[in-house]
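One structure below.
By letter and in written order, the chains are A, B, C and D; residue numbering begins at 1 in each of them.
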C-alpha cells in the first residue's frame, strides 16, 4: 500500500482537520465529532445533512456550503457513520425548519441514519430522509437491497440544497430531492482498484487487460469483469445501460455528470465525455449542463461513472442556482 | 499501460473536443487548431494566453474563462505546442489592447512561445511574456536553464487574469504577473510515476517503499529518491525547501496551493494540507486562502506539490476577485 | 469463576483476533471492512466496560456493549449487532443465572432485533444464516434435555454449518447482494463473525 | 541517381525508425517524448514534401523541412531542428552541387541557428555536442583534402564520439539539467538524433 498518510487508523480525523484548517471560510468542525458544518452563520431554512463512509472526497464535506449541504458526517473509510454522530449533526444544523437527510442506499447507511433520525425525532426535531439509488449496475428488485446510491447523490445535494436555500418547506425540499432521485441514473466502471488504508491491500486485482463494469464506490467488485475496451466503447456501454431504463427520451433536457473515481486524469474523463455527449445528442437529448471531474470518488480507484439527470423547469432552475462550497462553486 | 482512451495518438484532439462539447458555456475551439478560447464575446481588455504540453489538466484549458485566461494552447502530451498554434491563439484573442503570454520555464515552451510572439509582433500585435519558475527543487544558477514553472503558474493565471479583467494596461498586467512569480515558490514529490500514452510505459519506476522528491510535472524523475515517509514528514520536507528561499517571514499573508498530480485522492491532499498549515502557522504566516485539488497535474502521477505565494494588498485583492472558468470558480 | 465481563472479553477478543480474516472475507464480496469495523467496535467496547465493576450484571453489561457497538462500528454490522446486544440485554434483566432457556430467549431477541433493523430473513446470506440455525439447534437441544454447554455446542455447530451454507447461496441483502451470482462460493463475513462469537463463548464456558 | 528529396526521406525515415530508442533515452533524463516528437515531425514533413517535385531544389526542400518541423515537433527539439534546417536552407540557395565546403557551411549555419535559439554551447549535454564536433571534424577533413563522402564519414565519427561524451557530463541546458548529477551516465537524446541523421545521410551517399 502506497499512500501519502501518517497512520491508516487516523486518516479520517486528519482529513477532517485538514479540511477545516485549510478552508475555514467554508467549513468548521463540530467539536468532538466527525462532522463538518457550514462556517457561516445559520440562517433559518431547512437544513440538509448527508454523509457516509469516508474515501469519497470531495463527497460529502466538500459540498457543505451555501446552496448545498449544511452538515456532512464522515464515517470510517467506506463505513457508514454511527447514529450518534449523525444525531449530533442534525442537532447542530436544525433551525426549527426541519432537517432532510440525504442517504445513499446501503444497508449500513440507511440503518445508521434511521437510528439517528429516531433519536432526533425523540428530541422533537422534524426529520425527513431521501435515499439515493442511482446506480443501474444493480438490478432493482423486491428481493434485493435495491440499487446503490453513487455519484448522482451530488446532484441531489445541489438541487435539494438550492431548494432549501430558496426558503422552501421541508416537504418541498424533500419532494425536489425525490424528483432528482426519480430522474437520475448512473453507471460506473474501473480499471484499477483502491486500497482501504486500514486493510492495507487492494480490494481486488485486475489484470493489465481487464476492467470491472458496474463498479460501486466502496472498492467492492463490480457486476462483471471484461477485457479492457476503448474509451468510446466504455462510454457506449455505460450510457446504453442508463438509457435502457427508458426514462430519457428525444427532446428531454438533461444534466450529465462524468465523474472520476479518484485516480483517473481529467484528460480521460474529457475523452469519455466527448463520446457520451455524442451518443446523447444522437439520441435527441439536450445537454444543458455537464459536470466533469472528481465528485464522488473511491479513494485512488481509477475509473469513472456517468450520471444522467432529466430536468424539468424546476430542477433546471435549481441546478443552475448559485452554490458556494469547497468543491462546487457556481454563480 | 492502462488508460481510458481510444488511441494514444489522438488523446489531445479527443480531449479538446470533449472539453468544448461538454462545457460550451465556457469554451470554444479555435477551428483547426489545438487551442481553446473563451466562449463569451471578447471584450476590450488585455488578453492572456497560456498553454504548454497536454497532460496537466485542468491546466491550462480549464482556466480559460472570465477572470483568468482568454486562450490555452495544447501541445502533444508533455510537449510544448508549436509556434503556429500559439500564434493563432494570440491573433484570436487580441482586441488591440495587447496579449500577455504566460509561459512555464522549459526550453521548449520558451522557444516556441517566443517564436510565436515574433510572428504576432510582425503583425503589429503588442505581445509581452512572463515566464513562471516557481519550482525550488531545481537550483537557479546562471549555468542552468533556471527553475521550472509548475503549479504556481495557476496563481499567475488567476491574478494576472483578474488584473486584465479590471481593465489594466498590458504593462500593468505583466507587472502583476511578475509580482506573483517573484513571490511564489513550489516544491513537489511523487509516489507513483505516469505513463505518456504514446510512450506506453511508465516514465520511471519506484519500489513500493520509495518516493521521488523534487518531481516536475512531465513524468521526468525528481532531484532524488528516498524511502517513503509519512505525510507529515513529506509536508515538512516540501515546506522547508520553500521556506529556505527566505522570502516568507512572520506576519506575511500567504496563499497556499496544495496541488494533486493526478492520481492522489483528495483525502491525502487534506492530510498534507493539515501539516502544511500547522508548519506555516508556527512560522507566523497568515494563510488567507488555500486551494486544494488537482490544478496542475502530470497525467495519472500520484503525488503532490505545495505552492506558497506571498501577498501584498494588490495581489490579495486580485486573488480574491471573481473568476468563472471550468476548473476555478470564485465569487 | 466465570463472570459476564470476562466472558464478554473473551468473545470480543476472538473477534479482534479474526480482524484480518473477516476483512478478507468482506473484500471478496463486500467492501473489505467487516473485520476492521468489528475490531474497532470491540476495542471501543473494551474501553467502556473497563470502568464497570468486575461483577457487573449481564443486563447492564450487554446494554453497554450494544450502545458501544452502535456508536463505534458503523456500517451495516454496527446497528445490527448493536441492536442484537441491546435486545438480548432486555431479556436477561433481573436474572442472576442464565439457563439454556434464557440463553435461547436472548438469542431469539437478538435475532428479532437484527430482523427489525435489517429486514432480512434466513437464506439471504447474512449473519442470520448463522444465528437462526443456532437458535433452532438450541431449541432441539433444550427439548432433548441437554445441559447448557451442550446446547451451546449444538448452536455453534449449527452456526458453522450455516456459514458453510452461505457459500452456496446468492446474497440478497447487504453489499454482497450487488454481486448477484458472483457472491456464490464466498462465505458471508457477518455469519462468520456471529459464529466466531458463539465459538468463543462456548470455548470459554466449556 | 540521388536526389535531395530521396536523401531527406532516408534521413527522416532513420529518425522515425529510432522512435522508441530516442524516447527511451529521453525517459531516462527528460520527459520521454523526443522520439515521439521527432517521428511526428518527420511524418508530417513527409506529407508536406510528398506534393513537391521529385527534383525539387535543396533550398526549397530544406525550407519546407524546417517549417514542417517547427509546426509539428514542438518541445525543445522543434524550434531547434526547425531553425537548423531553415538556416541550412539559406546557405545552399542557388547551388546545384553541394561540395564539402558548402556542406560544412550549411552545418555551421544550422549550429548557429540552434545556438541563437537555445543559447547553449558545447559541453552542456545537448545536440550541439554531436553537431559541433561533426563540424570540427569536417573542417579538418576538408583541409586534408578528403572527398565529400570521406568528410561526412569523419563528421559522423566525431558526432558518435560526441554522443559518448554526453554520457560523461552534467546537463546544464534542456530538461535534463533539472537532474544535475543524476544526468551523468546517460547519453543525450538530441545529440543522438543528430547523429542518427548524419549517419543516415552518410549511409545513403556512400
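Simple rule for what comes next: a residue touches a chain if its C-beta (ideal position, glycine included) is under 8 Å from a C-beta of that chain, and two chains touch if they have at least 3 such contacts.
Computed from a predicted model, the values in this text were never measured in an experiment.
The minimum number of touch steps linking subunit C to subunit D comes to 3. With steps allowed only between chains in touch, the distance from subunit B over to subunit C comes to 2.
Here the spacing of subunit B and subunit D, counted between their Cα centres, is 32 Å. Inter-chain spacing, taken between the CA centroids of subunit A and subunit B, is 29 Å. Centre to centre, using the average C-alpha position, subunit A and subunit D are separated by 54 Å. Annotation for subunit A: no residues touch two or more other chains. If each chain is drawn as a node and touching chains are joined, the picture is a simple open line.
The complete set of chain-chain contacts reads A-B, A-C, B-D. Note for the complex: subunit B touches subunit A at residues 2-7, 11, 14-19, 21-23, 54-55, 57-58, 62, 191-192, 208, 228, 230-232, 234, 256, 258, 262-274, 277-278, 287, 290, 292-294, 297, 299-300, 302-304, 322, 324, 326-327, 329-331. Looking at the complex, you find that subunit B touches subunit D at residues 53, 75-85, 106-108, 111-112, 115, 137-139, 143-145, 148, 196, 198-199, 201, 203-204, 216, 218-221, 223-224.
Contact residues on subunit D toward subunit B in their complex (touch as defined above): 23, 27, 29-33, 36-37, 40, 70-80, 117-118, 172-175, 177-180, 182.
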